[in-house]
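A single structure is presented below for examination.
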Amino acid sequence: MTQVQTEFKLGSMRCRNRVWVASGTFGYGDECLDLVDVNKIGAIVTKSLSMKPRDGNPPPRVVETTGGMINSIGLANIGVDRFLEEKAPFLKTLDTAVIVNIAASTIEEYRAVLERIEAAECCHAYEINVSCPNVKEGGLSFGTNVRMTAEITRELRPLTGKPIIIKLTPNVTSVSEFARAVEDEGADAVSLINTLVGMSVDVKTRRPKISTTTGGLSGPAIKPVALAKVYETVKSVSIPVIGIGGITSVNDALEFLITGAEVVEIGTANYINPNVAVEIAEGIELFCREQNIENAADIIGTLQTDQTISVVKSWM
Amino acid sequence: MTQVQTEFKLGSMRCRNRVWVASGTFGYGDECLDLVDVNKIGAIVTKSLSMKPRDGNPPPRVVETTGGMINSIGLANIGVDRFLEEKAPFLKTLDTAVIVNIAASTIEEYRAVLERIEAAECCHAYEINVSCPNVKEGGLSFGTNVRMTAEITRELRPLTGKPIIIKLTPNVTSVSEFARAVEDEGADAVSLINTLVGMSVDVKTRRPKISTTTGGLSGPAIKPVALAKVYETVKSVSIPVIGIGGITSVNDALEFLITGAEVVEIGTANYINPNVAVEIAEGIELFCREQNIENAADIIGTLQTDQTISVVKSWM
Amino acid sequence: MKIELLPVVKCEQLTATVFALHLRSSYISDIIQPGQFINIKVQTGNYPLLRRPFSVARTHRDVITIIFDIVGEGTRILSEKRPGDTVDVLGPLGHSFTLPSAGTRPVLVAGGLGMAPMPLLTQNLKANGFSNIETFLGARSKQFLVDYELTNVKYATDDGSAGHHGTVISLLDEWLENNSHNELSIYACGPNPMLRGLQELLRVYSLSGEISLECVMACGIGICQGCPVESVNSTGRYRLVCNEGPVFDIHSVMIQ
Amino acid sequence: MKIELLPVVKCEQLTATVFALHLRSSYISDIIQPGQFINIKVQTGNYPLLRRPFSVARTHRDVITIIFDIVGEGTRILSEKRPGDTVDVLGPLGHSFTLPSAGTRPVLVAGGLGMAPMPLLTQNLKANGFSNIETFLGARSKQFLVDYELTNVKYATDDGSAGHHGTVISLLDEWLENNSHNELSIYACGPNPMLRGLQELLRVYSLSGEISLECVMACGIGICQGCPVESVNSTGRYRLVCNEGPVFDIHSVMIQ
């Protein structure tokens, strides 16, 4: 069989393959060069950047749970200035797509960060992390308010011709409502899921295991939830859906593609093996070759559900 | 030290201890008599009962995931008539509290089931499963609609003097909003969480691993989510909160009690060891004895959070 | 039924991926009936989470044996058990095969690891005076045939590498054509496609029989409702494989 | 740093719960420096999920050794490794202790399993001509003292069951009172309360020193930001234990 087609295009961005590394789980792309040929990754999504550097939360910031981990990093990042100075020049030398993930506590800050990065021409797309506390509304997350999520998209859309991906939070009743809202405002894609709100307690000390009491749950434990949210979303929008959550193997990634995700992002699994995205990308290629699939795109959305089972017959 | 006090009272119901078995994970209480002295369980919550018997969903109905399982039982149950005939007489002989869990697809059905059970005087309290598809609103779950959830509570409240516990679904943006709404309508307690929506795909066949595509995720994987939802809820209501989700050990149960749950329910863990609730109850007693705690109630809500960490400084 | 921590007597490798695990339990060995199963928590902790069901393949004094294939993490972990380890077992569970009435001829039909309950059934039949057992054993290929303490076996392989070239059902078909159908007691276990084939074959010959079904289980004891099989002519639409089965009259269920 | 599957040479039990695991890696044994660590995936699959960090305790030719205590599932699984098994290792990671300048006297202070990096440090100091090493080793009680390839050791136990009755810090305090403080190079590792005690003691004596910190880590390589320690006088508020440490100047960090 001839070469398997693995390329993915989103507007002006071309990615070698459909396996990306998720924000906050691969630093700024220059930390693991000993372990990974980063040019084999479909796209590198940076740690969330805010305008000013952020120290992040007090320790402890991470704790392992069954099949997962909770984190409370507090968006620790080096800020736009240092990013442009210290990281962007290296990222520009790469032969892979770079997606800057943006976090902010006001809409103005989202705008300002995007404008600075856009002016520096150092990336191929933006991923907007809306799971950030909105300081103007008492710290409630932008991402759990559909109006605010739409507004961020509306404000950012005119500022760039590059693709804008809105990264949705799963901590809402209906994630597809959010996906539709940002699609209407011109988002090029949605990525999901960000972490689930989770908590763990140290019974000996009677204190939470992370300093902020609750944090974000990630890892294989949440994969079923992520897959269900992706399934809900692909049925509701026509822009590409990027699947994230608990992916550690080729099989996991294929589950998301079959369900309808155009791309997957690998998060927590990078902590165990920073080369895992490359290995998964190669595994998907092998799967295609074995199954005589010419283009990885042909896997996407091929889930066969039983139509005779009515919707009202819910699973409860 | 003298005997540890483990009793828990909710209105007219007295429970020997604070460890119950969760609905759908202990049948009707008469299946495991070889394995468990059921009189040592704090309370037995029955499988959800509907008016008519329900066959449930086509197979496959269960699949294991990392640290959890997805189920799509489809509320298979024997219906009120057979319950009263075949199960209630046995349950009445027990020296432990019995809580009938009710599921329905219309508000009228909720009423009708409760009235039938109430007339038969065969239980000490009701737990209302609101995670059921509402046939009148196109199959959307009652439990994701705060107005409907409140209405169910309002309708049922006058029908019994026994405690009514509303069992909340975690698949909403703000579970505490639901807890407050049912508290306002006179619910005696809330229990949470029911299962998270989850999904799993068989890559070989490209079919969902359970017949209804999505199902309910339970087990240790969801414990962090359950704990966070309980934490959110105990801060918002003054009625007792009953913690459920992924509890498999004494340590897990203590995490919930410390966080503020008055009682815990054990679900999936019963499938591995039907005696686990009894073992956890005994473990909590031992913990109290070792720590010189006279009444298990003194553990509840003793979580020490760091007040210097501001709320706006979120965990993202 | 009981939950016991059973000492591992031996873990024996039978083929590349098939193992026989011998466990000590006088409780189970005393009361187990052919077709019944045990539910094993392969290691402590939450991974894998659920128990794994296995037919008891034979007993010898106070030792019970299961025969299993490595298909995932649970069976891989089981295959690494050594004398000195213990295994957490819930059992015995489920309904057994019904012993034939005197004078009938037992016919055992197994595909792949569906052979697992057959040695115990054979043991039992012999103990009850049945010496005329016919066993039909099929597999994809020679190296997948697991002939463990079976009697009077006829083999079938999909690729013809041993015995009859074809499925075990076609082998049985041939045999039925050339033998009297009077007073046969047919017992079968194997993958669902094989059992469906058998169901059809027996319908053609107007024969009855018992099959042991497999399906994914969460509890194994009737409390989760997770293991339904669609039934023919019963009050409800489904029956539970774990506690109404795993052995069913072959014509009473719709094999998926 | 590299990810390698390392063959297990031996798993040696040192005390009731402490083990020495010997692994073969010429790559790591060639370049490892005292105080650096490796990050181990204790078994395949998703449980436990994250790697577990361990100081390298010594090297011998191409064999590296870690010394660990069973505190949870990960270390329990590690303790069951046998020759023939392999272990998935990422390393070496982190910054090492700084070797003292010639003429100074190395003082090693360890509490409990904080002794783990000390044998390699001792090896290294000796190889660099330091023969006058002083080692202070403390534990709760005699049976928790793990004296593995250490030199010139003075013991302290909280319950007085061996050596000095009291903490290792009070033992060091006594020693400092009776000895010259000139040209000491202090290296310490142990639980945070001990390190806080040491920090205060050294402040009193106006001495400097290096400590190796432990904290929960998700990645071990600087990509998760999960392992901050509050720092004194640095640009940002925090430094990362995994790749800016685990060895820090004792007066540069706020020990939690």
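For clarity, chains are labelled A, B, C and D in written order, and residue numbers in each chain start from 1.
Everything that follows uses one rule, which is that a residue touches a chain if its C-beta (ideal position, glycine included) is under 8 Å from a C-beta of that chain, and two chains touch if they have at least 3 such contacts.
Computed from a predicted model, the values in this text were never measured in an experiment.
Ranked by distance of CA centroids from chain B, the top chain is D. Comparing chain pairs A-D and B-D, the larger number of C-beta contacts belongs to A-D.
One finds 54 Å separating the Cα centroids of chain C and chain D. Each chain gets a centre from the mean of its Cα atoms; for chain A and chain D, those two points are 36 Å apart. Here the spacing of chain B and chain D, counted between their Cα centres, is 46 Å.
In terms of their C-alpha centroids, the spacing between chain A and chain B amounts to 33 Å.
Shared interface positions of chain D, defined as residues touching 2 or more other chains, are 46-47. Counting partner chains per residue, chain B has residues 58, 66-68, 71, 73, 220 touching two or more of them.
Chain contacts here are complete: no pair of chains fails to touch.
Against chain C, in their complex, chain D makes its touches with residues 45-47, 73. Interface residues of chain A, counted against chain D in their complex, comprise 24-27, 31-32, 34-35, 47, 53, 55-56, 58-64, 66-69, 71, 73, 76, 219-220, 248, 268, 270-275.
Contacts from chain A toward chain B in the complex involve residues 48, 57-58, 65-68, 70-75, 103, 129, 131-133, 135, 138-139, 141, 144, 171-174, 194, 196-201, 203, 205-208, 210-217, 219-225, 227-229, 231, 246, 251, 254-255, 258-259, 302-306, 309, 311-316.
The touching residues of chain D, when paired with chain A in their complex, are 1-3, 41, 46-51, 90, 215-230, 236-238, 256.
The residues of chain A lying in touch with chain C in their complex are 66-67.
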